[in-house]
Amino acid sequence: MTILKNRLFWPAAILVVLLVINAFTSNQFVTVRDGHLFGSLIDILRGSAPLVLVALGMTLVIATGGIDLSVGSVMAISGAVACLLISDLGNQNSVGSVLLIMLVAIGVSLLAGLWNGTLVAIIGIQPIIATLILMVAGRGIAQLITDGQIINVQSGPYATIATGFFLALPVAFLIAVAAVVLITLLTRRTALGLLLESVGGSPTASRLAGIRAKRITVMVYVVSGGFAGLAGLIYSANIKSADSIAAGNLIELDAILAVVIGGTALIGGRFSIAGTVLGAVLIQALGVTVVAIGVPSDATLLFKAVVVVALCLSQSPEFRAKVFGRFKPKPVVRAEATA
Amino acid sequence: MMTTVDVTPETGGKKGSPVNPRSRVYRPNAKYIPILATLALLVIMYSAGVANYENFGQPSVIVNLFRDNAVLLVVTVGMTFVILTGGIDLSVGAVISMTTTLTATLLQGGWPPLVVLVLVLLLGSLLGAGQGAVIHFFKVEPFIATLAGLFLARGIALFINQASIPIRDETWKAISEYRIPLADGVVTKPVALVAIAAVLIAAAVLAWTRFGRNVYAIGGSADSALLMGLPVGRTRIAVYTLSGFCAALGGVLFSINSTSGWALQGNGLELDAIAACVIGGVLLTGGSGYVFGALLGVLVTGLIQTIIIFQGDLNAAWTRIIVGVLLFAFIVLQRLVTRKVK
Amino acid sequence: GCGGSDGGDGGSGGNDDGKITLGFSQVGAESGWRTANTKSIQESAAKAGIDLQFSDAQGKQENQITAIRNFITQKVDVIAFSPVVTSGWDAVLQEAKDAGIPVILTDRAVDSQDKSLYKSFIGSDFIVEGQKAGDWLVKEYEGKNEPVNIVELQGTTGSAPALDRQKGFQEKIAGNPNFKIVKSQTGDFKRADGKTVMETFLQSTPDIDVLYAHNDDMGLGAIEAIEAAGKKPGTDIKIITVDAVKDGMTALSQGKINFIVECSPLLGPQLMDLVKKADAGEEIPARVLTEETTFTQEQAKEALPTRQY
Amino acid sequence: MGEQSPVLEMTGIRKVFPGVVALDGVDFRLFPGEIHALMGENGAGKSTLIKVLTGVYTIDGGEVRLGGEVVHINGPLQAQQAGISTVYQEVNLCTNLSVAENIFIGREPRKFGRIQWGLMRKRASELLARLDLDIDVSAPLNTYSLAIQQMVAIARAVDISARVLILDEPTSSLDASEVAQLFAVMRRLKEDGTAILFVSHFLDQIYEVSDRLTVLRNGQLIGEFKTEELPQVRLVEKMIGKELAALESLEDKAQRNRERTAGAEPILEARELGRTGAIAPFNLTINAGEVVGLAGLLGSGRTELARLLFGADKPDSGELLFEGKATNLRDPQVAMKRGIAFSSENRRTEGIIGELSVRENIILALQASRGWTRPIPRRKQDEIVDKYIKALQIRPADPERQVRNLSGGNQQKVLLARWLITEPRLLIIDEPTRGIDVGAKAEIQKLVAELSDGGMAVLFVSAELEEVLRLSHKIEVLRDRRLVEELENTPDVDADRIMQTIASGATS
């Protein structure tokens, strides 16, 4: 009974259904090949890594009542920076240099986040418009970096972060897991989560309770930028090239959707990391399923619409009460009858 | 005037508080400061354009601004209502695509133009009403409900036809080609007038009707509005219906503008509309802002675009960067000006 | 041309140095192909001494209409643009015509019934591209009587190249019942999407014989997926793509792609010729095809060293 | 009046929230032309009964009769249409709208469907003048203090001339004169036959104005009484279920405190500190172990003064000395570092974070001062929270409940707990007893007295003069946003003396 009442029950159920469909349509769901796991489930987990990362950052931003539209552009910038630098390397397979370059790219992304955070918290611009600036200009910057071309790299170590395997599991998946664990620890083992929720719940009350709301706000945008940068690296490593136009295009929408499916309200306050992860994987699985069951491209969007409608209705307690309520007697009424 | 039991002290002193230098004269203006600041910055931006580019000063630049942004303007008007209640409507761009595709398909199929017009406007409103109902009754977040609406509307459009469909209907063409001369060599088209009419009507509705004031109240605090006995549900659904209607009307204007329908039309327009509202000083959390502000927001984005076109030597990358820079400069200046004056 | 005499007038209004001013509205920068196209136009304009008013529409028809109207306000001498969509240009083209500014379409066509609205259309024919791809496939399997499972990576849903490349291809393979398109899904012209979609194709369809990708980028992404699945692109799965950008040609020469239909972005020089003629009021052909070809693996090896993009 | 039939009759009302039975078989009658007080401790179910009546909550059992007929009220709108006009406990207005609109929204004067703004403003001004309030009605409501907002809410409800008028703690932040105005209006309405339901924790007010009262305890009906037939002590007994001894003992304590004022060292000193438009430059010294009370009328600047001392607002003149050293309290965080705590009068928007739990709300300030990297261990949290839930009798005593769902008085206690656990050197409390029941109020007063005995300085702001007099060593009198006089709280100082100062205060 209580599990049915959980907000995340229905998204989880839909995810399971999608995975079952995939298990049936694909020839290998999970198998072992060349000493590592392989199959459509693994593809989904690996493919969802960038979205999970972006959505994680987005969750924190949304928890403070903000929004970050610039994540896609930051992904493009980070991929562009990394590929440009790597392509200039004498030896693209040098692990040290590649790692350093990735750090540089993430550093740039953190700066982008700092920019957003400053506009929102210090100058006081509404988050949607503050991050829109970088959303528009950022992709231009990425295009400048790559000169509008796709920069190819042939770096084994770089490709590893997207397509490599470690302990039989995809590295991208492991990175996402690490990020989830990190954020979970950071928000739930320290007081950060509480302070975030407090700022999102009521900025005025938080300030008067002595919380440095501005500092926290800046911080979440920086974190969001950093994760977007990491996601951009995985995205570009996956195709061994920097595609500054396509990278992260419209990912902000998916990320926000993932956060909302995960039960975090857009007005801020309480947030759920687990929910976000569930939402992100669900979105990825949905995309894969559409292809796997061969929905014709002119009906793809309609199909997605139906799923999203079903999802958002299933998450509404009011809807569930109306639809399922008729079949079960309300506990409250029963209690009264016996009283 | 009132006889009371207690010896109440003289309270007349409250009136003209000597310590309160906040002059009464400034007060009524205070709420218009963001709009005035935006307007002033808009004028500055325009003057900069005139100073820098040949032919920028021609009246047709301004006239075209209204005409080229007619669709965005109409959609933004609807969006303003939604945002004022503290909601958001992501489906508008998709409703446009659905409307244009349907209009073109039906007209191609020989349906009478008037029937088509009424039908598509009805359909847009209906979709909006549906979203509003889901948001109100099932307490689904506006963002996710209208995102589903976006998928649905564009899904329908793509399902009807993926390719672009020309409109060869005489009425549509006639309206499309009808010119309204304003001055020597300056003409505008009916779409611009429709857009301006939409702005004026919306401004009047917001300022002078109960519905309009309820919209503000809900945006201020929906819970309080409910406790004050305002028709919160009805208003909220009406607002999304209105936005759906405006989007459909925008779609019709689009189909007139381009005499065609296409399932990818209006892609991303929702963001433009939201941005225009915000630039115009409408608070995304609801309860504060004006349609005229939204109008200014549309003009700002339109003017930025015009400047970019007149600049003429920017490739895609620089176009994006300059748009971002101009947007940034504008927003920050606006912010600083309003803060100073306050 | 009918606008010739007005053109001179417009020229003097636009600028005083007697140079021709060309207003060009690009679709956007959605792919490497498009960037090359933009570059070609910018470079050849500079070379030809033409003042270029360039505007990027970011994939939106409304932006393009706005740009064209502004070109008219600016009184440019010639307008050229790559339409985002085929329909919906009559009104704005009429305005250009009334202002006496000749219009040249590049890359993509419009469906106006009044052909006098524009002077010329220069560009490739997407349907023909699809047909060329189909032709090659039909030839490749000539004489073999076995079922051929084809998967298709479409371009952006609803875009003209995606629709036409699909149409032309289907026309050609329709004759042979052995050919079967088992899966067809959009990869949005993007490398990453091409890869993801292909991954799923590979998971859900056991024996894919042929991949037809609407552009090189998606094909390149798909190659990654095929390799990751332990198959050999070009051998286990035959790959046909369209565009012939450098990365694609390299893969072709390496044997990872089997056939590429060229879709050349280098319209610049041809366009500038037409612009000069149009400005001078000379008669110009209503349809100019870009010089394009197709490449097999051998041809790619030869052509690769001299490819510009 | 007794022979009349009740205009409103509720029988067997039951309301259950997850985990709490808020109302259990409550009967309630309201007759035309009476003022009926609804009494009970914090969390007894008063507000819930009102919300059930106006359809904010659905009823889980029982029925409501209005004018003898059974009605099913679905929401405030319907209640209003049925002739029930309500002022809810927390000010529930749209603060983004103007004062005039807040009074008239939903019933704006119109002509041809067009709102007549001029007429609306004029009527609003007139209406407020009847409550002796002279403010700019076209200014947004959020530019006014909570007390004024409360008056506006009352004006709105009163103007919707209804059969039934419900006032849920309307006087909690009003000062004596405002209360008097309100009572005058209530009496007039009563004469016109309106039935008034009135909730207040001020027993004096209840005895002054009500005809009859109904007592609730723990969601259950204790009984309905004629006010004049029930002595105060008995009423309190009925409310809390036992005798109240705390009040008496406090009286002695306060007396003792008064003797011991001088000699302590100053903690905070304000020198010509001021903020344009908010409060004129003032001098103020607060010593350790001293309770300083702020007295003044509604809008006299008490809140503004308090905010300056916490860094919630920035002063634009003068200087502030903390323990003799000049300090710049840039923001609340800095003030907290120095050991200053401030509990806002506006608990709904500046106090509680509704979405968070009681536990989280209580530890919030302490956690903020420790910084996010040093979380308070969960065990310690539970310990502290349990202690204060017990000490302040927060009910329900469930630390994981959302604060939003607590009764108003209990929310106030949570806020108090938040600041007490930071163990401040100077505690600034603005209307700390707002909406708190007699028993708890006595506890809180006792607590304040104890804290000051222990060396804590307290700046105590309250609209209730009695309270200020009882607790303070020193009383600062404000008038027109100006500190006009400082009084040592000697035995000869009483309410009249302070009122006099306010009335005749030197506004030089």
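Descriptive notes on the structure:
As written, the chains take the letters A, B, C and D, and residue 1 is the first residue of each chain.
Just so it is clear, a contact is a pair of C-beta atoms (placed from the backbone, for glycine too) under 8 Å apart; a residue touches a chain by one contact, two chains touch by 3 or more.
The model shown is predicted, which means the values in this text are computed figures rather than measured ones.
At the far end from subunit B, in terms of centres built from Cα atoms, lies D. Looking at B-C and A-D, the interface holding more C-beta pairs in contact is that of B-C. Averaged C-alpha coordinates give centres for subunit B and subunit C that are 35 Å from one another.
Per-chain CA centroids place subunit A at a distance of 44 Å from subunit D. Here the spacing of subunit A and subunit C, counted between their Cα centres, is 34 Å. Computed from the mean C-alpha positions, the centre of subunit A lies at a distance of 30 Å from the centre of subunit B. For subunit D, no residue reaches two or more other chains under the stated contact definition. Among all residues of subunit A, those that touch two or more other chains are 143, 148, 297-298, 300. Under the contact definition stated at the top, the residues of subunit B that touch 2 or more other chains are 158, 162, 315-317, 319.
Pairs of chains meeting the touch criterion are A-B, A-C, A-D, B-C, B-D. Interface of subunit D with subunit A (complex): residues 14, 16, 60-61, 310, 312, 331-333, 335-336, 342, 344, 349-356, 360, 363-365, 367-376, 418. By the touch rule above, subunit B contacts subunit D in their complex via residues 1-11, 13-15, 17-22, 24, 27-28, 31, 207-210, 213-214, 216-217, 219-221, 223-231, 287-288.
Residues 29-32, 35, 38-39, 154, 157, 183-186, 188-193, 195-197, 199-201, 203-204, 206, 217, 220-221, 224, 228, 230, 247 of subunit C touch subunit A in their complex.
By the touch criterion given at the top, residues 22, 25-28, 33-34, 39-40, 43, 47, 143, 147-150, 152, 163, 235, 238-241, 243, 245-247, 249, 287-288, 290-294, 296-298, 300 of subunit A touch subunit C in their complex. Residue ranges of subunit A in contact with subunit B, taken from their complex: 69, 119, 123-126, 128-130, 132-134, 136-141, 143-144, 148, 253, 256-257, 260-261, 265-267, 297-305, 308-309, 312-313, 315-319.
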